[in-house]
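Each of the next two complexes has chain A plus one more chain, namely chain B in the first and chain C in the second.
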Partner chain A sequence: MRRSERDTTSSGRTLAWVERYRIFLLFAVIFVFMSVFAPRFFNVFNLTSILRMVAMNATVAIGFTIVLICAQLDLSIGTVITFAGVVGLSLKEPLGYALSVPIAIAAGAMVGLFNGVLVAKAKISSFIVTLGTLTILQGAIYTITGGNTISLSTPDAFAVSDFLAGPLIPLITPRILLMLGLVAAFELFLRRTRTGRNFYLVGGNRNTAWLAGINTDRYLIAAFVLSGTLAAIGGVFFAMESSAATLRMGDQSLMYVISATIIGGTAMTGGKGGVFRSFVAVLALEMLYTGVILFGLGNEVKIFIAGLILAAVVLYEAYAYYRHQREIGKRPELIRELAAGTTRAHAAVDAASDGAGGKA
Partner chain B sequence: MRRMVSMLAVLALLLAATSGVFAAGAREGATGDAAGNLEASLAVDTSGLLSADGQPLLRVSDDDRAVPTRPADPSALPQTDPLHWYDMEWAGWAADKSAIPESPRTGAIGRRIVFIVHGDHPWTTACTLGAQKVADAYNMELKALSPNWDLAVQNQMIDQAINERPDMILLIPLDARTAPQQARRIHRAGIPLILFNTLPDAAAMDYAITWTGPDDFGQFRLLARTFADELRRLHPGAGEIGIAYVQHAPGGSPYFARSWGPVSELAGYAPEIKTLDMQAPGFEADRTMQLVSDWLTRFGSELKGIIAADDSAQALGIVEALRRAGREDVVVVAAGNSKVGMDLVQDGRLFAITYQTAEGDGALAVQTAADWFNGKEIPMRRNLAQHIITQSDVGDFYPPQW
Partner chain C sequence: MATAEMKPIDVPDARYLRSSRFSRIVNVAGIYGIAVLFIIAGAVLQGLGVINNFMTTRNFLNIIDAVALLGIVAAGMAFVTYSGHYADLSVPTTMALTGIVTVELLHYGFVPAVLAGLAVGLLIGAVNAVVVGRFRANPIIWTLAMSYVTMGVIRLVWVNRQIYPDVQTDNLRTIALFDGIFRLRLFNVVSLPVLLMILIMLAGHFLMTRTVYGAQLKLTGSARRTATFSGVNAERVVGIAFLLAAFTAAVGGLIITSLSRVGAWYNGTGYEFRAVTAVVIGGVTLAGGRGTIIGVIGGAFVIGLMNNIMTLIGIGTFSQDMIRGAIFILVVGINAKSLRSLGRDDA
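So, the complex of A and B:
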């Protein structure tokens, strides 16, 4: 093998490795950097705080990742978070958490079902459907609350809040444990079960999946139901820990979760990605945000950095897609053979012309 | 591959552990000898400090109204009854302060304070500037954090502040009703807390040393009377005078104080004034303009006055809608004294605004913190002085603070 070819193969392998593990590398770089330079970053309190902060968005990101793997979008996740929080806390007094929480989660699932049916059966773009749901839910939230934050300042509500926020073991509170359990369960489900892998087939090529005998509509609906359910779980448990549900509690989550999922490597074109990667991306972003605060920098710096990272990832994705398209159908060995053949032919022609010149 | 990931993880843990040790060492070194600090702190005089508008920085209210008795169930009263809003308007007066720590009486000089506001805004910049002026006078270290109106980020900042173990946290709660849990969390971490600017739910007051800031309800009751007097002057003998409210963002105490404060005040002071509508269009001039244009179409000449929660973007939207409709007879009053608001008062397009010193708000919170470190008695609440600015005295408040 010639040296240039060997170099190309080696750099290509490195690039592929970096691409494959980029979110883990990003996580390691941010973690090491913040641990070394950010004041009071590496201690149990702060790391627990980071995990508590990601608990809601990481839970929501699970469902969003599944929707994105199916090559769809769910813009309603932020309002479902708020809606579930509002429903869960509003019904707490008359029904107790034992009933209000399942009702709030079921409400999220119903929103997901509504989205899924319209996308799968009515063939309406998921962007339009979920944008509509977002607006309807915002109106519903204002109607239910009358514009007021729902809060509970009773001893039993505080007791539940303390339980959810209190450590079971260092770093792990019940809400963090719930999030980790859901991430692990859905990662295994998507990777290790046939049903889970079918979501990738549906997102990768819906027609091929259908031809392979997969009920694609059912998978699309299931993806939206999961997204709604998980957004509701994230929202209602966050509200329970805060003992309050504000009318804008989920507003910031949409962009956060979209950014993290894409940075985590889930392709917007569908068929590629993973729940664990999204979780690591949420964690990496949160560490970055916390570090920014610990450095005493403003929220605007945090938004700027998050935007930069997202822009870099999206640009890279666009480049990778371009490169992939350019390579489709190419047979490098044939091109090399053709080039070698051309060189030999040229050499033969040169030799023949040299011979002819000698005779002349 | 697996080996490389393991190596990275080990490296990360090693570096982090090392930095943790260094950080702990630095903290120990920072703890200085506080002996004699109290005497020096008590000698600091902040009474001569001025805000950018040339007014005294620290203008504390001398309001000595008696605190009314709390009704058994304020929410059972109609919303037009001032006592319906008792738990907001009088939040803090009945708080149980038994769990609040005693002042260390070791002086304010050299204290570290984390100052958490609600969001990025020119008002917040002026507020932080005022806080910094008092902090500088006491040589306090003031770290300001802004969550940009995001409750989750504010909760995160509270956690970070607790993590830093400052001598005190000063907090503008983003939402009155989430404040109790935030205050409770800081209290449980053993860090003294002062709430300021936005009135929290009464339950939060049990966990805070005190609350400082503008008496929003009181200011708006005062503004409502000035507004009613002007409407009566313009429409003498009118059986009914229709007005509308452009509200603050839902959730915070200004949302209630700046609409239900005047509603409940006017119900008693000027019952002929009727509320036609209340809407919270946010803080964009164009959306407010659209809202007011809709009102002008819907209510026509019935609409005689508007009370706005904000004297900048909202006021601009209102004034522009009235100008386009040729309805400059409508009396408009608003909260705050931004440059925009004061210019509109000077031009006669706003009738009156409240004097709400942004610098003074931040300054009063820090001054109260200093007083607590100095062992002074701290009242249950400490309000800023109230004043209504009209065209006759707006010139006294230039240049504006923001």
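So, the complex of A and C:
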């Protein structure tokens, strides 16, 4: 990290280390604190339930992180979740899950393609495009469902639901396994393959990436398609597990996923962050929420704490950047020389060149 | 010699001359061109007998009444967008908190309660101003976090309660005054929100086009670095933009609370995105430094016009959403394309 190169003092190095691994530290602190203090927190049942609760949002966060790495924003993920759930379940009766689930996921991918093409080719801001898709999908969801919750109560739907919710081994249900698999796959893809790493280049500096021979438009479109696809996967499997798709099932996810991704260290300016970090952040947030509820505190405390944590992280990052900006170009040693007067400045220059010579 | 070769400033550059006539018309007519198109469409539909009562004074007054609140909130939001900071997502909770505080304090009298409500709104704006203006936090994420915190405070203090004016102890005249914020009509025609919208629009337009602050805001919005190097205090300029957004949100909060006669956490839900829609349709670009307040009010008017026509045709609320979203993307897309073809693209 740049900061660790600049700060050579040991406290500076510690700070840089904390900064770099802050999400893992946060996770560890919350986990240990809740395990020790929160009643009924540390047991297989509760931990499984936490994992089951994050399964959807963690899957969605993968795609959102990729979009953010590309320095874009996807506000439509919440409605894509609901849309996929509604499509998957409403087509189950005529077609069966074997067809309806792929159709639902493809629908999510199409939404992503729509977003991506408008952002990359028509050059409309992603904030606008995805805000528009959000509105369109909201209308589509209500038109498909007529405003009612879709719930399936056939034996085979329940069988699928039981399969998805039942543990294969302790802590791991099929849906959790799917989430872990996707997180691992995309983490490796982004870190270890050339295509994956190119996403960081495109997000870091689009012009440089283009000059380096990367088809930036294609990467932007791909990011949105992945975001749509993963949101749809998260949504449709969640709906299958509960055998129901409500009209507002994805509403909370947008804010949740944005918070987690930012807390996880993915920057909105692009080119920085990672899927695994977002996953850990989603997990940490969910543990915190569960803990708050286990302490007997209400939903309002949960909202308040979520806000404070996000605010603290954003404030810290902004302040660090602010300090950094103020120090750029400043030459403290020159100012010190001026303050000390010309004669002693000469001595200082001599001393400095001696020091440099000594090191060399 | 050199001066003779210099190009006079008002001669358009080559890209402008090559641009299509369509782009130039879009650029000049702006959102009011679209408004005229919608009105023509409505008139034609009425002529064909598809809809009734569209081209009446009553109907147009209704449309303006319906968008007054949105227009007010959008006018403040426009300053944030204009300064190159996308949007203030803490607007809905600012509206809710302003309303709750005002209703809660009504027994101290109408004026103190309203002032306290506005002050609370401005306090949220001040926090945004410091954090986004000075420390340059990402505006979307920060205002989102701010809305969480505000919502948390509302839920902690008032839980899920709806706050009614207390008829037992409060002065009935005070309550009547508060109800009147939304319901008062001057000369039986112009409602107070519409009047406020017009006042805010004129004041905003004046501020943006005729004052030093407006010029500094334009420079900061289009090129912050250049502004800083020219001696503009960009931190302060952006901060004031967030204060203005919080102020209009607080005024909007008073109106929406007066409309529903109850202060509640859900008042104002959705107004952040609605306001952004009006702002952006109205021609203020997200890149900053481009657009006008009058255009933003036009954007709010077009949204009202669109809703009115669709409701008169009998399109369901949910299908309206789909059409609205599509038109939103389309209008902004055409706008961006027009700017690009004129060589004025900075996004």
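The rule is simple: the second predicted complex is superposed on the first by the 316 of 360 C-alpha atoms of A that agree within 3 Å, B and C clash if a C-alpha of one lies under 4 Å from a C-alpha of the other, contacts with A are read in each partner's own complex, and residues count from 1 in each chain.
Methods note: a contact is a pair of C-beta atoms (placed from the backbone, for glycine too) under 8 Å apart; a residue touches a chain by one contact, two chains touch by 3 or more.
As the structure is a prediction and not an experimental result, all values here were calculated from the model.
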{"item": "Touching partner for A:248 - first (chain B), second (chain C), both, neither", "value": "first"}
{"item": "Which of chain B and chain C A:43 touches, first, second, both or neither", "value": "first"}
{"item": "Touching partner for A:24 - first (chain B), second (chain C), both, neither", "value": "first"}
{"item": "First (chain B), second (chain C), both or neither touched by A:268", "value": "second"}
{"item": "Which superposed partner A:289 touches (first chain B, second chain C, both, neither)", "value": "first"}
{"item": "Chain B versus chain C as contact partner of A:300, first or second or both or neither", "value": "both"}
{"item": "On chain A, positions contacted by chain B and by chain C", "value": "142, 147, 298-300, 303"}
{"item": "Residue numbers on chain A that touch chain B, as the complex places them", "value": "17, 21, 24, 28, 31-32, 35-37, 39-43, 45-46, 49, 52-53, 56, 142, 147-151, 153, 158, 161, 238, 242-244, 246-249, 251-252, 289-290, 293-294, 296, 298-300, 303"}
{"item": "In the complex, chain B residues that touch chain A", "value": "1, 5, 8-9, 11-12, 15-20, 23, 120, 143, 145-153, 155-157, 159-160, 162-164, 174-178, 180-181, 184, 201, 203, 250-251, 255, 280"}
{"item": "Touch list for chain C against partner chain A, complex", "value": "86-87, 131, 134-138, 140-142, 144-153, 155-156, 159, 273, 276-277, 280, 286-287, 316-326, 328-329, 332-333, 336-337, 340, 345, 347"}
{"item": "Chain C partner contacts - residues on chain A that touch it in the complex", "value": "73, 118, 122-125, 127-129, 131-140, 142-143, 147, 255, 258-259, 262, 268-269, 298-301, 303-308, 310-311, 314-315, 317-319, 321-322, 325"}
